[in-house]
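Look at the two complexes coming up: subunit A is in both, with subunit B in one and subunit C in the other.
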Partner chain A sequence: MTALILSPAGFSAIIAAFTVGALGALLLGRHERAAGLWGNLWAAGGSLLGLLYSATALITGDVPAFGVATSFPLLSLSFRIDALSAFFLLVISLVALVSAVYALGYVRHYYGRYPLGSLGLFTNAFIAGMILVVTAHHALWFLIVWELMSLTSYFLVIYERREPENIQAGSLYFIMTHIGTAFIILAFLLMYGATGSFDFGAIGRGMAAASPLLRDGVFLFALIGFGAKAGIIPFHIWLPGAHPAAPSHVSALMSGVMIKTGIYMLVRVCTDFLPGPPPLWWGLTILGSGAVSSLLGVLYALSEHDLKRLLAYHSIENIGIILMGFGSALVFLSAGFTALALLGMIAALFHTLNHATFKALLFFGAGAVISQTHTRNIEEYGGLIRSMPQTALFFLAGSLAISALPPFNGFFSEWMTFQALFAGVGTFSLVTKAVFLLGVGSLAFTGGLAAACFVKAFGVTFLARPRSPEAGRATEAPLSLRLAMAALALATLLLGVIAGGVSRAVGAIVQALPAFQGGALQPASYTLLRVDTGFAAVSLPALTAVLVGVAAAVAGAVHLLTRGRRVTLGRTWDCGADLTGRMEITATAFSRSIVTVFRGVLKPTGQTEIDYHDARLRYFPKSGLVRLEFRDIWAQFFYQPLQKMTLGIAGQIKKIQVGNINVYIGYILVTLTFLLIMLAARP
Partner chain B sequence: MRPIAPQTLLFLEIAIFSAAVFLHLTKKNSSAVRLYVAQSAAVSFLLMVPAFAEPSALLLTALVATVAVKLLVAPYFFFGLIRRHRLRFSVSTYLNTPVTVLIIAALAAFTQTEAFRPLTQLAAGGDRSLLLSVATIMISLFLIINRKGALSQMLGILSLENGIVSFALFAGLEQSPGLQLGITFNILIWIIIATVFISMIYRQFGSLDVTAMKRLTE
Partner chain C sequence: MKTTLVWTIQFLLIPALSPLAVGVTRKLKALLQNRQGASPFQPYRDLAKLLRKDEVISRDASWVFRVTPYLLFTLTVAAGASIPLVSTALGNPATGDFLVVVYLLALGTFFLALAGIDTGGAFGGFGSSREMLVAALAEGGLILALLTLALLGRTTDLFALAGGIASLPVTDLAPVILAFVGFFVALLAETGRYPFDNPATHLELTMIHEAMILEYSGKRLALIEWSSANKYLLFTALGANLFFPWGLAGSLALGEIALALTVFLGKALVLCAAVALLESTIAKFRIFRLPDLLFTSFILSIIAIGLIG
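Now for the complex of A and B:
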C-alpha cells in the first residue's frame, strides 16, 4: 500500500485531481453552483491525496524520485520528494484542504457577480502549481511550474476585476514576481554555467567545487528572487496589495503557503545547491533581513485599518521570524555548530507550519466578516461577537496564536526561535553577537506589538457596538466556513499542546537534510519542549498548570473580594446622550500612541480637523476628524526613484520606435550584419 | 534517377538571386509580380530535386501545393489587387536607383566575405549557391526596407521566404514534407490576409504608400 501511495501513479493522482477540478469547473462555468462545488470538491480530494502522500513519505522516510523525459534535450520533468519537500507538501495540502472546505460556502457571495468557473480553474491550478514547485527536481521544470504558480495567483488576485485597486495590486504583483523570476533565472544560469546541468542533484554535486564568488552570486540572486516571493522587506511592496485583493480562501493560500515556497527554495539553495559550510555573511544577512522584516511588518500592520491588509503585513512579520530561525541556522552551520543549527532550522520550519495554520485561520475569519459587512475597513465593524460568536471565537484563537500566547502553537515556535537567538548571543562575539541581539530585540518587540495589533483587530471588530448598519445586520457565517475555521483553530491549539512531539518530527525532517546531518537531537516528549544546550525547557503541563492556577487565583480573589455584594445590571451612564458606536475607541485611536513612538520609521502624517459651534470661543466642538496616513518609505525612497529612472531610460529607447516598418526591417538587417561581422571577427 | 548537375542548381540559384535584384530595379508592380513568379518557379525546381530523388506521395503533395500557392494563387491575388486599384506604377523607393544598386552590390560582396565562411561548411560542394541564397536573403530584406509601396514590401517578404527555402536546401537542412506543407499553407493564409488588409488600407487612404499610413498613429 505504501509503495502504491508513493509511486509515480500516486503522485500523478494528486495532480490529476486538481486538473479535473480545474477543467471541470471551467466547463461548468455557466452553472455557477455546480462549478463552485466541482472545483472545490476536487481541490479537497487532491489535497487529501497530497496529505496522504506527504504523511506516508514522512513516516516511512522514503524519498520517491521519478521523471518523464521530453523531446527537449535540456528539459526533464523530474520529481524528487525528500523530507523537506514532503514537509512543504504537507503544509500546502493541509491549508488547501481546509481552504477548499471553506470555499464551498464562501464562493456563494460571488454568485451572479463573478464567474465561478474561472475561480475553480485558477484555484486548482494554483494549488497544483505550488505542489509541483516543492517537488520539482529540475531547474527548467521548476521555472515552468513556478511560473504556473505565479500566473494563476495573479489571475486570482485580479479575480474581482471590477475593483480598480485589485487590478493595480495585480499589476504590481505581476511585475514584482517577474523581477523575482528574472533573478531566479540568473541564479540557475550561473549554476548551469558551473555544473553544465539543470538537474538539482547534479547542481548540488557540481556547486561544491564552485568558486566562492560564484556561490556568493548565486546566493544573492536567489535571496532577491525567492525573497521577492516570500515578501522580505524591501521586496514586500506587492504583498499588502495582492493578498487582500484575492478571494479570502485564496488569500489564506497565498499568505499561508505560497510565500513559503520562497522560503523552501532559499533552504534548498543554501543547503542543497550550495553544499558545505556557508559563509558567515549569508546567515547574518538572512538573520538581519528577518529581524527588519518582522519588526517593520508588525509596525505596518499596526497602522493598517484594512483587515486583510493588516493580516498581509503580519505575513511579512512572520516570514521575518522564520528567516531569523533559518539565518541563525546558517550562522551556526558556518561556525560548525550543527546541533545549534538544527535548533534554528527546526524553529524556522515549525514556525512555517504554525504560521500556515493560524494565518489561514485569520484570513478565513476576515473573509467571514467581510462577506457579512461587505467592507474591509475595520472602522466599520464592531459588536460582531453578538451576531457571529463562533467566528469571533475562532478569530480569537488565531489572534492568540499569532500573538505567541500559550498554549497556542505560535508561542512554541517563537520560543524556539528565541532559544536559537539566545544561543547565538551566548556563542559568538562582536558583530555576530550584535546581529543576534538585533534579532532578539526585534523578536521581543514583534511579539508585543503583534499582541497589541490583535487586541486592536479583535477588539475593534468583535467587541463594543456596531459602527455601521452592515455590521449591525451581520449574521453568523455559513457552516462550511465555520467548519474550516474550527478545524484550523483546533490545529493551532493541538500543535501547541503537542509542540514537543511536533518539534521532534520537524527535527527528523531537518536531520534528513545533508547539511544538518550529524546534529544530535535530544529526545523530547510530546508535551515537553527542550533545547539541547540545556539552556531552557518549556513544559506544556507546567504551563497549563500555571495558567489554570493564575486564572483560579484571580477568580478566587474576585470571589472573595466581591462575595456578599449584590450584582445589579443597569444602563451605562452616558451623560444623557445616546450610546452609539461613535463613542467607542477606533482602530486609528488605538494604534495612534504606538505609531507615535515609532514615527521615525512609520512617518505618519497626522491631520486633525475640528469644527466648533463657536469658532471664536473654541470650547464646544461640533465635530472632529483625525486622519492618520503613512508614507510608504520604500515606495518613496526606493521604488519611485527606480521607476523614474526606468521610465527615463525607456523614454530614450522609445526614440528608436518611429512607426515605420522600413526602419524596423532596417534594424533587423543592421543587427544581422553586425552579428555576422562579430562572428567573423571571433578568433 | 540521374542526379541533377551542380551547374543546374547553381543556375537556378542565380535565377533566384537575379529575380531579387531585378525586383529592386523594376518600376512596374506587374513586372515585380512576374519576377516573383519567376523566382518562385526556380525555387519550385529546386524543391523537385529531393522530390524526384526519393519520390513519396507526401513530398509530391508538398511540391504541388508549393507550385499552386506560389505560381498560381499568389499572382492571382496580386494581379487582382493591381487591377482593382490601378497600381500599375506605384513603385516608389527611399533611395534612388544608383544608390540602391551600390548597396545591393555591397550586400552581395559582403556575403562573399569571411563573415559567411563558417556557413559554407554546411553546403556539400555547393558553397557558391549557398552564399548566393544568403545574398538573396539580404537583398530581399533591403527590398522591404527601401520600398514605400505595401505591395512591393509583400513581394519583398515572399522573396525573403524564397531565399530562406533555397538556403535550407543548399545547406542540407532537411525539411519534412509535412513541415513544407505547413509552411506553404502558412504562406497561402498570409497572402490572403495581407491582400485583404492592403485592400482595406487602400480604401481608407487611397494609396498603398506606407508613408501615407502615418495617420494611423494619430
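Now for the complex of A and C:
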C-alpha cells in the first residue's frame, strides 16, 4: 500500500488532480457555480492526496526519487522527496486543503464580477507549482516550476483587475520576483560552472570541494534570490502589496506557504548544495537579517489599518523568526555544536508549520470579514463579534497564536527559538554573542509588539460598536468558511498542546538532513518539550491542565460566593454623552503611541496644515489638515536610487542606437572581427 | 505529603497574601506622607464588599468582557504557582520556565486590553493602547533581566535558578545587581506603579490600568483588583526570591519551610517598602518619557549579560 502511494504514479496522481481541476475550471468558465465547485473540489482532492503522500513518506522514512528524461539534453524532470521535501509538501497540502474548502464558499462573492474559470485555473496551477518546487531535484526543472509558481501567483494577485492598485501591486511583485529569479539563476550557474551538473545530488557532491569564495558567492546570490521570495527586509517591498490584493484564500496560500518555499530552498542551499560546516558569517547574516525583519515587520504591521496588509507585514515578522532559528542553527553547525544546531532547526521548521496554520486562519478570518463589510479598512469595522461570533472566536485563536501566547502553537515554536538564541548567548563571545543578543532582544520586543498589534486588530474589528453601516449589517460567514477556520483554529490549539510530540517528529525530519546527522536528540516525551542539555523544559498538557483546573475552581468559588447577586445591563459611561461609533478608539489612535515611540524608524508624518481664527494667538483653530502617513524608507533610500541608477545606465547605453543602418553594419563588423581575433588567439 | 503541602502553599500563598501586600504598601505610603492611612487589611474588606454587590455590565460588552476577570485571576494564580516561593527543592519542569511565566502574564494583559476596548467607551480604548505600549516595551527588559540570571544559573527553570543564584560566589553578583535594577523597572511598569501609572487615581490623564477597568463592577471588579494584587505580589516574589534567593528552603522539611516563609515575608516587605518610598518621592512621568525608562532597563540587562563574559 505504502509502495503504491509513494510510487511515481502516486505522485503523478497529485499533479493530475490539480491539472484536471485547472483545465476543467477553465472549460466550465461560463457556468460560474460549476467552475468554482470543480476547481476547488479537485484542489481539495489533490491536496488530500498530497497530505497522504507526504505523511506516508514521513512515517515510512522512504525517500522516493524518480525522473523523466526529456529530449532537451540538459533538462530532466527529476523528483526526490526526502524528509525536508515531505515536510514542506505536508505544510503546503494542509493549507491548500483548508483553503480549497474555504474557497467553496468564498468564491461566491465573485459571481458576476470576475471570471471563476480563470480563478480555478490559476489557483490549481499555483498549488501544483508549489508542490513541484519542493519536490524538484534538478536545477533547470526547478527554475521552470519556480516560474510556474511565480507567474500563476502573479495572475492571482491581479485577479481583481478592476482595482488599479492591484495592478500596481502585481507589477511590483512581478518585477521583484524576477529580480529574485535572476539571482537564483546566477547561483545555479555558478554551481553548474563548478560541478558541471544541474542535478541537485551531483551539485551537492561537487560543491563540497569548491573554493570558499565560490561557495560564499552562491550563498549570497541564493540569500538575495530566495530572500526576495521569502520577504526578508529589504527585499520585502512587494509583499505588503501583493498578498492583500489576491483573493483571501490565495492570500492565505501566499502568506502561509508560498513564502516558505524561499525558506525551503535556503535550507537546501546551505545544507545540501553547500555541504560541510558553513562559515560563521552565513549564520550570523541570516540571524541578523531575521532579527531585523521580525522587529521591523511587526512595527510596520502596527502602523497599518488595512487588515490584510497588516497580516502581510506579520508574515515578514514571522519569516524573521523562522530565519532566527535557521540562522542560529547554521552558527552552531559552523562551531560544531550539532545538538544545538538541531534545536535551532527544529524551532525554524516548527515555526514554519505554525505560521502556516495561524496565518492562513487569520487571512481566512479577514476574508470572512471583508466579504461581509466590503472593505479592507479596519476603521470601518467594529462590533462584529455579535454578528459573526464564530468568525470572531476563530480569529481570536489565530491572534493568540501569532502573539505567541500559551497554550497556542505560536508560543512553543517561539519558545524553542528563544532557547536556541539563549544557548547562543551562553556559548559564544564577542560579535557572535552580540548578534545572538540582538536576536533575543528583537524576539522579546516582537512578541510584545505583536500582542499589541493583535489587540488592535481584534479589538477594533470585532469589539465595541459598529463604526460603519456595513459593519452593522454584517451576518455570520457561510458554512464552508467557518468549517475551514474551525479546522485551523483547532490545529493552532492542538499543535500547541502536543508541542512536545510535534517537536519530536520535526526533530526526526531535521536529523534526516545530512548536515544534522549525529546531533543527539534526547527522547523528549510527548508531554514535555525540553532542551537537550536540561537547560529548559516546558509541558503543555500540564500547563493546560493547571489553567483549566484553576479556572474551574475560581469560577466555582465565585459562583458560590455571589449567588443571588443581580447582573443588570447598562450603558457604557461616557460623561453623559450619547455614545456613537465615532467615540471608540480607532486603529490609528490605538497604535499612535507606539508609532510615536518608534518614530525614528517609522517616519510618520504629522499635522501638516492648520488655520487659526486668531492667527496671532493661535488658540482657536479654524481648520486643520492631518495626513497620517508613513514614509517608506526602503523605497526612498534603497529602491528609488537603484531605479534612478538603472535608468541612467540604460540612458547611456541607449546612445549606441542611432537608427542608421550603416552604423549597425559597422557594429556587426566590429563584433565579427573581435570574435575572429578571439578565436585566433586561442591556443 | 510534604510535596502536597508545599504545592498547596504555592497555589494559595499569592492570592491569600496579595491584598495584604497592596494594603501594606498603601499603609507605608501613608505613613511616609504623614497620613494615618487605612489598615493594611483594608483591601480584604474592599474585596468582600465588591463580592457582595450587584453588577452592571455594559450593553456593548461581549463575552470577552465577561470572561476576562476569571481568566486574569486564573493566570495570575497559575503563574504564581510556577515560581519559587518557599523552597527550591520543588522541581517543576512543567511550568517553571521563566518564559512561560512571562507569557502567561502577557496573555492576561492581552485579554485585559481587549476588555478595555470591548465596552466601546472612549477611556477604555486609550487605556488599552497605553497598557499595550508599556507592556510591549517592558517585556524586553523583563526577559533579558531573567535571561541574565538564567545564564548565570545555567537553567531557565525558576526553581533550579533560585538555587543556582544562591550558590554563586559573592564576586559574581555584579550582573545580578544590574539585572535587578532592570527587573525593578519592569516590575513598576508591569504592576502599574509610579512612575508608569498611578494606582490610586481614576483621574483620566494619569491612568492606564484604571481606564481599562472603568466599566467593571461587583464580583468582576473584585476579581480584577485581586488579580492586579496577585501580579504585584508575584513580581515582588520574583524579585525577592530570584535576585536575592538567600533564605529559600533547600529541602521540603517543615521547619525549613516555615523559616523560608518568614524570610520571604520579610523580603517582600522590604520590596513593598521600596515601592512605597519611590511612590512618595517621585512624580509620575509623562507617557512618552516612559519608553526611555524601559529602554534603559533593557540596556542595563544587556550590560549585565555582557559582564558575565
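Note that the second predicted complex is superposed on the first by the 601 of 683 C-alpha atoms of A that agree within 3 Å, B and C clash if a C-alpha of one lies under 4 Å from a C-alpha of the other, contacts with A are read in each partner's own complex, and residues count from 1 in each chain.
Here is the rule we go by: a residue touches a chain if its C-beta (ideal position, glycine included) is under 8 Å from a C-beta of that chain, and two chains touch if they have at least 3 such contacts.
Please read all numbers here as calculations on a predicted model, not as lab measurements.
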{"item": "Partner chain in contact with A:451 - subunit B first, subunit C second, else both or neither", "value": "second"}
{"item": "Subunit B versus subunit C as contact partner of A:659, first or second or both or neither", "value": "first"}
{"item": "First (subunit B), second (subunit C), both or neither touched by A:415", "value": "second"}
{"item": "Which of subunit B and subunit C A:212 touches, first, second, both or neither", "value": "neither"}
{"item": "Superposed model, subunit A: greater residue contact from subunit B or subunit C", "value": "C"}
{"item": "Touching residues on subunit A, where the partner in the complex is subunit B", "value": "659-663, 665-666, 668-669, 672-673, 676-677, 679-680"}
{"item": "Residues of subunit B that touch subunit A when the two form their complex", "value": "94, 110, 113-118, 138, 141-142, 144-148, 153, 210-211, 214, 217"}
{"item": "Sites on subunit A touched by subunit C in the complex", "value": "383, 385-386, 392, 396, 400, 403-406, 411, 415, 418-419, 422, 425-426, 429, 437, 440-441, 444-445, 447-449, 451-452, 454-456, 458-460, 462-465, 528, 530, 534-539, 542-543, 546-547, 550-551, 554-555, 558, 561-562, 565-574, 579, 583-585, 589-594, 596-597"}
{"item": "Of all residues in subunit C, those that touch subunit A in their complex", "value": "11, 51-64, 70-71, 73-75, 77-78, 81, 93-95, 97, 99-100, 103-104, 106-107, 109-110, 113-114, 117-126, 128-130, 132-133, 135-140, 143-144, 147, 150-151, 154-157, 214-215, 218-219, 223, 287-288, 291, 298, 302, 305, 309"}
